[in-house]
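Below you will find the structure I want to go over with you.
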């Protein structure tokens, strides 16, 4: 089972078995988008997130 | 056990054993005040209720 | 400048009068009373008036002679001292219900007790310009209007005036109101945590303002159902009636437009696009407008007529100032130029 | 445990279903769909469910077979795929209007176009337990209810059931509603700065839910007038009718009490003192209760009957779960134990 | 079943306790007091409890011995009769401020007068499980918590516990609160027309709950600024502090996550998308959750830490029931399962 | 009469400008633009202006030469066409952020991209009369103000002007705002069911208006924390600073009073009795007032300074009209006479 550490909040994230390079996953703790940039071992990095209009 | 019928809504009301003439009871259904005016058999009649300011 | 004073200036109706009269170009406000805020600056109670006036509240017994006296007292008070007040000023405009009803039997029926000064109501013109404009020029005494009565009367006016409904058929008026209607005193139910978020039908039928609709429009079977909602200012009447056979949509348009054309503060709101297609109280808050509209179900003649007002303005102080203008022969809109806000 | 899935779980009706079903002792929620929030945790959309579930939204096309399928789609969608959905589960509860009306002519009249799956509505029991409880034990398909229809039907149920009003006489229902009625999508008019503080009569007559009142109560001349107020949850119906000659207050008491006694979620609210004397939506928010009350003007037989509900609960998801319980022979109240809040 | 009674059951804190205890699987509610509503059904005051109980309010002097006694009296009352109350029950949970502060000098400084029963506070565990869970299993007396103190203490707990801020540096806490904080009594300022639409900073500094933050977290320079907003339930604390040099975003994540993991009712809310990215009181209304979140300005170490609670739940009655569960060795969440509503 | 036109007249800032300019005694409004409401009457979008004007929205490209041109466009638009606009009028007043910041590096830092017309900002006077009144008489170009920046700048002005605080010490400003701040467009989070009842800290630090506080007051360590509350109009800033050693309450009184005396629309609100003791946005809604107040904790020098404004008035259109008056040498208050409402 592949696990990675979120680069934003250092949460431990378990990847599904069929994860692929280039896939975007959402950190279940802090909600950032992470791009899978490598496998064996799995590596992720922050993916650019669209800044939606929010609040005011 | 003494029961009476509410004069406003005809609910059956069970009186407690130690009820006395002149006592005010609240109808559990419609909330009016009822005065006990007789016992054996028990009789009630509408008691005057203060019109509090309410709503607007 | 015409001099005026207000008895009952710390309340909501009196405070609104004060705001309007301070901004009126032909008026000078002399004195304002409050027993519970004696000696305080009026802006301590009405903080919107800070930097507008240095007036302080005085005792009602200290009021001096003046050109026009405004009364803004709770129901039942003005009739107790009307002779004393009349001695202070040749002209009086009263906001309360004390001099609205002309038939003392009708008064007693709806207010539950005999009038204390039964000779006085007849001297007062009922204070709704849309119904009694002509009489006001010659009047010395003008009564206030009930806020819910006004929303109801203006909702129905086009239908009644144009003879589109039968005066003896049942009319049901649903009125939704804000919390300022109940005045500055408040009661258990007006505590914010209890009053916020409500849709509370506090009077299903039998509201006292019904009497003013009966008197002014001649309806015989009319009921007002009052529901409080979470708003401070505003009264919205939705009247349900049946038009006479043959009456069509275009007849209604004519009738409503006619009333709006004759009355500077009445507007017809009936749009086919956009957000604001019907009358809404929030749009008229602070202004003297009464926005009216209608929908007709041609399949059965059911007409739904609406009127939105600010209860403290068109429903009380605004109309009172409009009456002042008419009574003194001034521009009917003087001092009443605020348009209302959007958004709000 | 019975397995369930929800199609349309990111909306207001679906989110409320999810909240209830996650807390239901005999149910396991398997899948929840949303196309626009695909892959997100359900608590990112419904933040009240954080720490309650780790479910993520999936695509509606990925839904797997399950014991009971809930549909919470916008009007018109479920009828397009009902065969596909029926293949996934032996039992379906639908929240939409698609399977409520049994007469396809009535459907077409009120919804403006022919039904896409005209054979299906007849298979669905109309989902109001207070009207169809007995049929539900044997049902496989139960429709949802219109929220405004439910407030109307429950306001009138005691009068109709006890035969106190004439079914052919005109009935006027004034309904005040909160903003969650229009769903999570929103529109120009639901922008907060425009929607706040409103008393906005957005539909004077002709609202589609009228058809459900006609179908379920057999009334022939009934109209619903819809007014939006500044509240999120809540629908309050005030129905105006005339009782048959001779009907007195006590008869109404009996009729209302009977309905409340037979139905666990119906309560009569008619008090003589205190703040809460009449039904109010804020008191039932989040709960499955329908509070009903009445006032009778004995002078003319005008009866004002009220019903307050939470449109998302008794008016949608709460009633749907109540139907689930009845369909599966469970305790009617399972999963529906929240009492509502005071103050609120 | 454990028997409990509530002294002060007609108020907002007592009413909420009653709602929770009536739904608690291991508790039987025996008696509930109110002097001003003597003899009335509790649902006449708390209409959400209709069909939930037939209890009536009794006189406080009629309370009989019971397993656990809850006190929900205005400040200063419980200390006057604590010996009498202690004679009625071996275990007491008090909602008021009377037994929260352990240092009688601190009490006198913030409450302006000496304590009437200075021997008692030391016997009470301060009632916040997130700070004193371990002590509760052995306790007989547990105090309530200040609602604003709780929002403040939970906003700062992760920072203090992980040693990320200097306890002697200044901390500023801005708190926004709803109207139910001030109880059922009300005052001139809580009249709906005055209290609606407010952003009113009624206490810039010096609020009494500050003492609980000082006592529980050991901060030496902390201030609470209280602002009332137009909401019934809810307290939202925004705390401003400076982290120690070198502390980064990841350290904060670890600290907040740790507190959320150890405490069933604490949740971290810090999202990057969607509408609900930060803690919000409306999401936790009616539930026992405390939602916490943070933002760090890494350029200068300014950390903004947030906590949203329902003042009557996590800030009063909910936490009191959580304490009951811990004191009696029950599941910490028993009777506290309502998730809160979305939308709301 | 001076002729004016408004580009961007269907928005909230533009609509408010229109309301004010239609009521201005020395101004004639020629044209008002909207692309999305082309050809509609302005009162169809701004229903408060019904019976006030028969103007229709035109295309921005059809604007004709005029004495003064007002721009009320979303951020980033005016800078793209400023040369074209300048060709239409010798004088321009812009509501947007495009010409507020004078240092292009500061602009780029806070707005994330280079300015499209970097030569233009220097030609604009920053549009806050309380800071730049003298320069305005000679100006041809005046920029708008940020609404949150204005609440912040006016809250701090007395402290900075009188030299009572150290410009390099940290200042924390907590700002609570209504929904009209985000303009007529709206977004997912402004849907009423999501936006109602919020206390939502949507920007903990880093709000763009911070740059205007830095530029105008010379503070070096200042942060703005933005919290949305359930209100349409209003911005309330609560600034936390530390006064220099020795500064006492009476020094603050002098400083605040001085600012109020010099500026017709600034008022000090600091009362010891009654309901309205501090500045409140609801009191200034619709008016051009900025109400300021303060509290000093003499034990540690912590000063809490408050400012309440209507974001669309003193925070945008009201101040713009005030600037117009100063630029043209008119009475500073012309067209700005509405006092605000109580109750509201």
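The chains carry the letters A, B, C, D, E and F, assigned in the order they are written, with residues numbered from 1 in each.
The rule is simple: a residue touches a chain if its C-beta (ideal position, glycine included) is under 8 Å from a C-beta of that chain, and two chains touch if they have at least 3 such contacts.
This structure is a prediction, so every number in the text was calculated from the model and none was measured.
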{"item": "Subunit E against subunit C, contact positions shared by both copies (same if over half, else different)", "value": "same"}
{"item": "Contact-richer chain pair (by C-beta pairs counted) among A-E and A-D", "value": "A-E"}
{"item": "From subunit B, the most remote chain by mean C-alpha position", "value": "A"}
{"item": "Separation of subunit B from subunit D, taking each centre as the mean of its C-alpha atoms, in whole Å", "value": "37"}
{"item": "Distance between the centres, which are taken as Cα means, of subunit D and subunit C, whole angstrom", "value": "38"}
{"item": "Two or more partner chains touched - positions in subunit A", "value": "31, 52, 54"}
{"item": "In subunit E, residues with contacts to at least two other chains", "value": "12, 40, 44, 179-180, 184, 188, 193, 197, 230-232, 271, 273-275, 277, 280, 343-344"}
{"item": "Subunit F to subunit D touching residues, read off their complex", "value": "12, 178-180, 182, 184, 186, 188, 190-193, 195-197, 230-232"}
{"item": "In the complex with subunit E, residue positions of subunit D that touch it", "value": "12, 15, 19, 22-23, 40, 44-52, 180, 184, 232-233, 264, 267, 269, 271, 273-274, 276, 280, 283-287, 289, 291, 337-344"}
{"item": "Contacting residues of subunit D [partner subunit C, same complex]", "value": "170, 172, 174, 176, 188-189, 193-194, 197-202, 204-206, 221, 223, 225, 227, 229-231, 234, 236, 238, 240, 274-275, 277-278, 280-282, 295, 297, 300, 302, 304, 306, 308, 343-344"}
{"item": "Subunit E residues within the subunit A interface of the complex", "value": "249-250, 253-254, 257, 268, 270-273, 275, 277"}
{"item": "Contact set on subunit B toward subunit D in their complex", "value": "8-11, 29-33, 49, 52, 54"}
